[in-house]
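In order of appearance the chains are A, B, C and D, and numbering begins at 1 in each one.
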Amino acid sequence: MAAVAARELRDGEVVFVGIGLPNLACNLARATHAPNLVLIYESGAVGAGPERLPVSIGDPALVTGSLMVCGMADVFQLFLQNGRIEVGFLGGAQVDRYGNINTTVIGPYERPAVRLPGSGGAAEIAVHAQRTLIVAKLSPRAFPARVDFVTSPGQRCGERSRRELGMPGAGPVKVITDKAILEADPATGEMVLAALYPGVTADEVQQGVGWPLSRRPRLAAVAAPTEAFARPPRAPARRHVRRCLLRAAS
Amino acid sequence: MAAVAARELRDGEVVFVGIGLPNLACNLARATHAPNLVLIYESGAVGAGPERLPVSIGDPALVTGSLMVCGMADVFQLFLQNGRIEVGFLGGAQVDRYGNINTTVIGPYERPAVRLPGSGGAAEIAVHAQRTLIVAKLSPRAFPARVDFVTSPGQRCGERSRRELGMPGAGPVKVITDKAILEADPATGEMVLAALYPGVTADEVQQGVGWPLSRRPRLAAVAAPTEAFARPPRAPARRHVRRCLLRAAS
Amino acid sequence: MRDAVSRFVHDGDTVVIEGFTHLICFAAGHEIIRQRRRDLTLARLTPDLIYDQMIAAGCARKLVFSWAGNPGVGSLHAFRRAVEGKSRGGLEIEEYSHFGMVARFSAGAARLPFWPLRNYMGTDLPTANPRIRSVMCPYTGEALATVPALNPGVTIVHAQRADRGGNTQMWGLVGVQKEAAFASERVIVVVEELVDEQVIRSDPNRTVIPGVIVSGVVLEPWGAHPSYAQGYYDRDNDFYVAWESISRDPDKLARYLDEFVYDVPDRAGYMEKQPHLAVRLKAKERLSRGVNYGF
Amino acid sequence: MRDAVSRFVHDGDTVVIEGFTHLICFAAGHEIIRQRRRDLTLARLTPDLIYDQMIAAGCARKLVFSWAGNPGVGSLHAFRRAVEGKSRGGLEIEEYSHFGMVARFSAGAARLPFWPLRNYMGTDLPTANPRIRSVMCPYTGEALATVPALNPGVTIVHAQRADRGGNTQMWGLVGVQKEAAFASERVIVVVEELVDEQVIRSDPNRTVIPGVIVSGVVLEPWGAHPSYAQGYYDRDNDFYVAWESISRDPDKLARYLDEFVYDVPDRAGYMEKQPHLAVRLKAKERLSRGVNYGF
């Protein structure tokens, strides 16, 4: 999944990197096809070039040799709310038909069966990133028709669209799973089957999803990971995006 | 005036230092009886210990060897609005009966006879400093009964007291002039004559003030500046306030 | 540290031990446990292992937070048992997102009663927490979310160095410590090194917390372990992994607290029990160059 | 600089050349005058000599500010003539206090439509400027002052150093440059030194403006004179004093602009005309020590 997610990143993009698999995907992308990816961690590291695969988003390796370290007030106000983040990664215990994500509780909020960690920065990433990518393993429990609690808003919340709710970002455009890629339908906001992993059938995907899954007229095939993607990054290139339009001296 | 103003500062206080004479007064105080004065400049220098008398409040000498340099958003939000400033200095082209100050315009705002620099940080210093000291030379033009424009609020604005207006600081407690010291009357908020410079009469002071000046029952005498105060500071002590209550090692 | 906690941390206080992954003052948390403080409202973005330990030790009445997990590993099990109703006493919670918590500290630091943010549309967080409200912009008429100021009784900040006056410098991840400190009634600074005032004055842009807001300074090397201090020691990721199994079992957790908290007098004692840590985690050298402050 | 101004500064723009006493980019202001930009809305806290020159040269339609004087010396006479109706064309003004201007940039940088502050009770500023309004706190019910966001078309920031990617480091007084840059559509960074990316990466906490928000980087040594660059050159206080008599007399001011702006091609030409400046103002060395970023 990390390899498939990594492919969704374009070179030079500004990516808000979450904990776990997104961290892995971003560092994979940077070590392979997207050396100029600008990694921004909610911890405050901007343009990080970690020499080891970071264990957490607050790893000291994200600081050493990064382009900038700033406080978290700046991360959320000046980068995220300012609209500077092009891609945000989200994962969660539950993802529903409209890409709403639950990382808060299974069961009722006041008496949860399982207490999950909560939002962290996920609620605001879902609101502000220009687009988000969801990464989660397929299973009926993980993909209910409706999440128990909306931590991070998807394409539709209640009966209202993102536009009606005033959310600046485009929201979840893809859900990358271990068997298929779902995409948000531009008209309905529903997550629909868009591509299958090699050897996976649409029925198998439906078995892991708690709503009747629509599908694109033509399903794409997800390419198998290449050699390069299979290895964790090591001493990655320390280049970074050059978006300066001008460097005139005088 | 600088020497008299300097005496109003107690050792260890946190002082917000304005341009011009206040700058001089604070650096005088620090070089003499108040070596632990913490000088905070709106430019962002905190705990400055300038090696030369700063020409402006943004002088590089205020940075070299200061305890902290922060952005101006922090100066105004975290120090001033937070209530950390114990003393603020203010001056102005006009000071009125209630200590309102005008540094904006002489004449009507839309068609001014004289356009003055404006507020700078003075409006918010007047609101937030725990107490303020006004420094200005006596003259009927400089001390009208009512200022043309209230830039920095005094003890009463319109018909309302500071408390009614919700201002956190105590406002101008003293006006230090070249002939006398006026003090705010706790009951009325009016500036009243409190102390005379050597050889100055109450009548002379009244001639420089555009309202019938009340006076304290007993007038104090302002002491003449000492030798030490007459010299500008040179290589002042680089100590600073120690307000830490505890320094236990384990 | 004993004196600092005894003087500045009281039963019933709102206590903040901040630090995002970096510079989390475990030494202060352990001393609070040893001094058996009770009824605390513990606030921070990421409760992390230290609040899990304080919850297990019975210090906490309430938790204010935005992400309660073991970063990169899994759950905080003492926290989960309390919230899922599986341990005695229970635990009140007040929950935000990271941005919401950062905004609460920003409001507290600026002594404003609220902070506006463009957020929370579509989420269930405002339903779960009615303190998330909204305000109308006086220019555009649009509604913006608000969170209330957070003004703790005491904030404890770990840093690389400070002088005796409390002027504190830190580098690497600085999280929300500046805002939390300015929002707080009392501030305890705990440092790896106590330095001469001249060291601070030689690089004033590096100062994050000024001495004028600091109540006490404590010298406590290794005070952030198993968190880390950039330039001093690495994060003890092994311990974070080990916490999963320790915290899952209440008896094991109790034994951990006995051995590493109650039965050691202080952080020096904690480090003496584990001499390998200093060897394994000591930072390599990656010095920055100086800049010129002359004129 | 010629290319940068030509590409990123347009007639009618809201232009911000920020810097509080320190790092004011006079070189950019002069280039804007040379390229005869018109109808600009000039915004900054302290218009200083550079906006006085731009007003005199006819670039400005409107001024947004909080303190319009010659710091420690006296008046900005071109500004005064315009506002007091003594020069042709006039000048629209929009006036705040420093805190108000800082708050406007903070709102712009956070892309919020307004910023709340506890201020302006009792002053006549909200009467003079109806854009100062108020909002009711949704928790306490009290009224707080507000200012609207300021989002300039272009912000020009002078700094000690940046890499070619626009990652910019500055030290000494940093004013409100970070907020102004983040609030702006376009950002031009002008530096004393263009450094290798590794220099930036060796001390990431020193970075104030990230390359991702920068449109162009210009290498322009001495570009801030008569303002200063900490560690590079001192403030030219003599010139600030001299400006009093130059600006008081419109003819003298016109001759100054001819000689030092229109008749020189660029900043190098400006410095060549005044070779004594570099000798007189060059900074002495006061190096800070490095800190360890290792783990």
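Keep in mind that, in the parts below, contacts are C-beta pairs under 8 Å (C-beta built on N, C-alpha and C of every residue); 3 or more make two chains touch, one makes a residue touch a chain.
Bear in mind that the values here come from a model prediction, so they are computed numbers and not experimental data.
Steps from chain A to chain B, minimised over paths through touching chains, total 2.
Separation between the centroids of chain A and chain D, computed from CA atoms only, is 38 Å.
Inter-chain centre distance (chain C to chain D, centres taken as mean C-alpha positions): 37 Å. The distance from the centre of chain A to the centre of chain C, with each centre set as the mean of the Cα atoms, comes to 27 Å. Within chain D, residues 111-112, 117-118, 142, 171-172, 174, 178, 202, 205, 228, 230, 234-235, 283, 286, 293-295 each touch two or more of the remaining chains.
Shared contact sites, meaning residues of chain A that touch two or more other chains, fall at 45, 60, 63-65, 69-70, 77, 81.
Contact between chains, per the stated criterion, is found for A-C, A-D, B-C, B-D, C-D. Residues 20-22, 45-46, 65-69, 71-72, 75, 79-80, 83-85, 95-100, 102-103, 105-106, 117-125, 127-128, 142, 171-176, 178-179, 228, 230, 234-235, 237, 240, 283, 286 of chain D are the ones touching chain B in the complex. Across the complex, chain B meets chain C through its residues 14, 38, 45-47, 49, 60-61, 63-70, 74, 77-78, 81-84, 238, 240-250.
Of all residues in chain D, those touching chain C in their complex are 111-114, 116-118, 131, 133-140, 142, 144, 146, 148, 160, 171-172, 174, 199, 202-203, 205-206, 228, 230-235, 283-295.
On the side of chain D, the complex with chain A involves touching residues 1-4, 7-8, 109-112, 164-167, 178, 182, 194, 197, 200-202, 204-205, 207, 210-220, 266-268, 293-295. Interface residues of chain B, counted against chain D in their complex, comprise 19-20, 42-45, 55-60, 63-65, 69-73, 76-77, 80-81, 100, 104, 109, 111-124, 126-128, 149-154, 157-158, 160, 162, 165-168.
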